[in-house]
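The two complexes that follow have chain A in common; it is paired with chain B in the first and with chain C in the second.
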Partner chain A sequence: MKLFWFETYKIFSRWRTYISFGFIALIVIMTEVVMKLSANEILYRMMRSFQKDFLIFGNVLNGWFITAFIMNSLHIHIPFFITLVAGDIVSSEATSGTVRLLLIRPPSRSKIITAKYLTTLFYTTGLVIFLGLICIIPGLLLFGNGDLIMNYQTKFRIVLIPEAEVPLRMLLAFTAAVWSMTVVASLAFLFSTLAENSIGPIIGTMAVVIVFLVLGNFPFDFFRLLSPYLFTTYMVFWQRFFDDPIPWREIARSAILLGLHNIGLFLIAFIVFNRKDIKS
Partner chain B sequence: MEDDSRKEVILRTHGLSKKFGKRWAAKDLNLEVQRGDVFCFLGPNGAGKSTTIRMVLTLLMPSSGSIEMFGMDLHKHRHAVLSRVCGIVEKADFYLYLSAYKNLEILGSMTRRVQKEEIMQALDVVGLTSRAFEKVKTFSHGMKQRLGIAQALLTKPELIVLDEPTTGLDPQGMKEVRGLIKKLAIDKKMTIFLSSHLLSEVEQVATRMAVINRGELIAQGSVAELLGKEPLEYSIQVSPFDSAVELLKRLPWVVILSAEDGKIELHVEPGHASELNRFLVSNHVEVLSFYPHRTLEDFFLKITEGISDI
Partner chain C sequence: MKKVLFLAGLLLLLSTERIQAQEDASRYLDPIEKKYSGLKDYIVDVNVHFDIEALKAPDLQAKLYYKAPDKMKVESKRIFFFPQEGGFFNPSLFKKKNFDVRLVERLVYDDRKAVRLKLTPMDTDAFNKGLVLTIDTDRSLIREIKISPSEGREVKATMDYGRFGNFELPARIDLELDIPSDEPSGMKEFTQFGQKAKRISGKVEITYSNYRINVGLSDEIFKETESRKPK
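Entry: the complex of A and B
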């Protein structure tokens, strides 16, 4: 616990940790303001595909819709912000030489690496929760409450979630988003234990995430076969909480597979760190 | 003087070896550091000193052999052993974005609970009290090295391991660090295991030493014991020069090695150095300077002769 606290203190004493929070706040607030200013145009675009078939009343462009929209838009950006800290947490100790001071202390390497990993997960969770709060609170203040309409254009269907159900669905979706992001954090963390500078793990993780996302979205048979083996395929499982009915089996499968990735990646990092010779 | 054989051995290595690829960085090292020693680990650059120290501090895993500290196997009783040890490997690096105080608090607390007063005391010993709450990134290299010693002191270790503690320091910084090392050994009764390639440094602080070259142990023992095996050589500057040379030729326990440019190099049998000085003065020869050759350097060069590329 003490080691976890020290690690948390260290990461929150560095300005780079706040870049992520600052950027997220900036992007989200800007998006919300722009959406508020362009509300009519957005509503027109939203409705034109299904206004012939449906009669829709109420506050469609509400805080929940804005939140879901931003979550969909930022699922590439958030991993990058996570890697800024997760990719740095071990490697920066090697870069700065403090790893030598750290590892000659009585706590074992196992405890140190576990504390660092827990801190990484804590930061990841904090970042996603921050995203949620910065989306929902100003969103509801600016756009008000209402039913959530999800328009799945590629699947030719819309889903309407009643206002009373939305908060719970949002909570579940954000919990799933945290879970998804921990895989990115675990990957960056593993790279961080392998490297002696922060750039490699950050770029390496983002490269893997982007390449996997691209491969998983190619509309060809070969890539469709490949898709189940890419963790990025399961990372968007938080979107399933806005389906009706909620596909619990699919969600559970994705959550388990991502969890197994987390365990696997952490175990490798754990073993590497424990066996690593500190030559720098 | 206490008999060496009766002193407690607090660090002992058994056949300690480390191989990187095909190269042995340390080979079959059997070291013994006794309580109260300022034990200097001497060797040219690349001899294997840092590798050995890193194994002692668990930064490197030995390829073979074992390390025993305070009578316990280091790897089996890591926590118990390292609670009694502290060190600095090469240069002291800290979290630059934290203050000196916060660095000490974090690093010290990894060993045991440390109080604010203890942190301030440790900073006081190394003369950094006034900079306690400044970020370490504003510190000079010498200040960081002193802060390194402060963090080593903080947990009140029985053994301090220092790897090349004066590397990169200016003469004033080197003097300060050497002074601190002596202070720790004498005032705080700490055992110091120190590596260095600076003979002058070793000469000034060591009580026992080991010499390593190309990963292998060449000699080990007390400084007096190792240097005592060698004849003593002196350089003197005297006036009048010629009569002094004539006088010295009469002494059976003196051999003149060279006499030119106002300087006489001579070999004096052990125990006669002060007698030589008295003899010259009583014969109206003014002794302008009288200093022994750097015997450690002679010793070091002799034992590494042919195998050293220092």
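Entry: the complex of A and C
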């Protein structure tokens, strides 16, 4: 536990850790201000397929909608912020020449790598919770409360979730988002144990995420067959908490698969780190 | 010459019959117009139940305000979806002066005598390209409204009535929708990779209760409606 807090102190004493929080705050606040100023345009684009046939009344563009909208837009970008820390947490020891000093101290390698991994997960969780708070609090203050309309454009479907159900669903969705992002963190963490510098793990992780996302979304049969084997396919399972009815089986499957990825990636990192040759 | 005269006479006879038939058809709208001439306004509680794959929503409730001839407002504390066509009762929509009316058939509807009329708007720019009404001639009630297929759209409203004050007004309207989505031009028939154009298909059940009729609604009430609707 001491090691964990020590590692947490180390990452939060680096200025690069705060880049992610700063950029997220900037992007979210800018988005919310722009959405406030161009509410009608956003509503028109979102509801275009329905407005010809349905009159729509009420506060559609409310704080919950803004939060879901931003989450939907940012779930591809958040991994980059996660890799900034997760990709650096082990490799930075090699870069700064402190790896030998670290490993000759009493705590075992296993304890050190586990503490570093838990710190990575802590940072990832903190970042997603920060995103949630920075979306929800100003969102509700600026746009008010109300039912949530989820527009699944790819499925050509609109789901209306009653206001009373939204906070719980939002909590579940953010928990799922944290779970999804831990896979990115685990991947970056593994790359970090393999590399001697921080750039490689950061770029490597982002390359994997982007390539997987692209392959998983190509509308060709071959890539459709491939998509169940890509972890990025399951990373958007947080969206399922806004579906009606909530597909619990699909959610459980995605969560388990992502969890298995986490275990697998950490185990590889664990083995690699324990066998790491620091003499040469 | 005799042949020409015979043909001209025949044509004259046929065209007279046609005009006569049209006049006959439009007269079915007269009793409805007369029946609801005293309906100036109403307020009613609405419950909407959606059974549409493309729109998943719980039952929605609102208060609907209507003022003749064409003012409508919906008041709801929550988000509320309401069908643009056929969702509420406006007897002023079916004034015979606005339509070319043709009798399609006589039929029995719910064990009562009925007629089916095709109404084509005189205004060629009208959004609706035509309506088919099924009218219960015994009670002078519109039982079905079918918006004639135009741009691939089909909307059918079936109405059940109840007596509220001095008027028979809809207690329930069942809407069947099959309409294409409003996608950018060029995307309507085929979307990417040969997928079929998306459609909004399904049923909407609208139930009305607690009518308050001719309460003297002012025009001011309806002014804020436009600002509350998302554009």
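Methods note: the second predicted complex is superposed on the first by the 276 of 280 C-alpha atoms of A that agree within 3 Å, B and C clash if a C-alpha of one lies under 4 Å from a C-alpha of the other, contacts with A are read in each partner's own complex, and residues count from 1 in each chain.
As a working rule, a residue touches a chain if its C-beta (ideal position, glycine included) is under 8 Å from a C-beta of that chain, and two chains touch if they have at least 3 such contacts.
These numbers were taken from a predicted model, which means no experiment stands behind them.
Visitor: Once chain A of both complexes is superposed, is A:Pro107 in touch with chain B (first), chain C (second), both, or neither?
Guide: In the superposed model, A:Pro107 contacts chain B only, not chain C.
Visitor: On chain A, which partner touches more residues: chain B or chain C?
Guide: Ranking chain B and chain C by residues of chain A touched puts C first.
Visitor: In the overlaid three-chain picture, which partner chain does A:Thr98 touch, first (chain B) or second (chain C), both, or neither?
Guide: first
Visitor: Go through the superposed model and pick first if A:Arg275 touches only chain B, second if only chain C, both, or neither.
Guide: It touches chain B, and chain C stays clear.
Visitor: A:Arg249 in the overlay: touching chain B, chain C, both, or neither? Say first, second, both or neither.
Guide: neither
Visitor: Okay, in this complex, where on chain A does chain C touch?
Guide: Touch residues, chain A against chain C: 40, 43-44, 47-61, 146-147, 149, 156-160, 162-163, 219, 243-244.
Visitor: Give the list of chain C residues in touch with chain A in this complex.
Guide: These residues of chain C touch chain A: 53-58, 60, 62, 74-85, 177, 179, 181-183, 192-193, 198, 200, 228-231.
Visitor: Could you list, by residue number, the parts of chain B that touch chain A in their complex?
Guide: Residues in contact with chain A: 54, 57-61, 78-80, 82-83, 85-87, 89-98, 102, 106-107, 109-111, 151.
Visitor: Touching chain B in the complex: which residues of chain A?
Guide: Per the stated touch rule, the residues are 2-3, 6, 9-10, 13-15, 96-98, 100-108, 275, 277-279.
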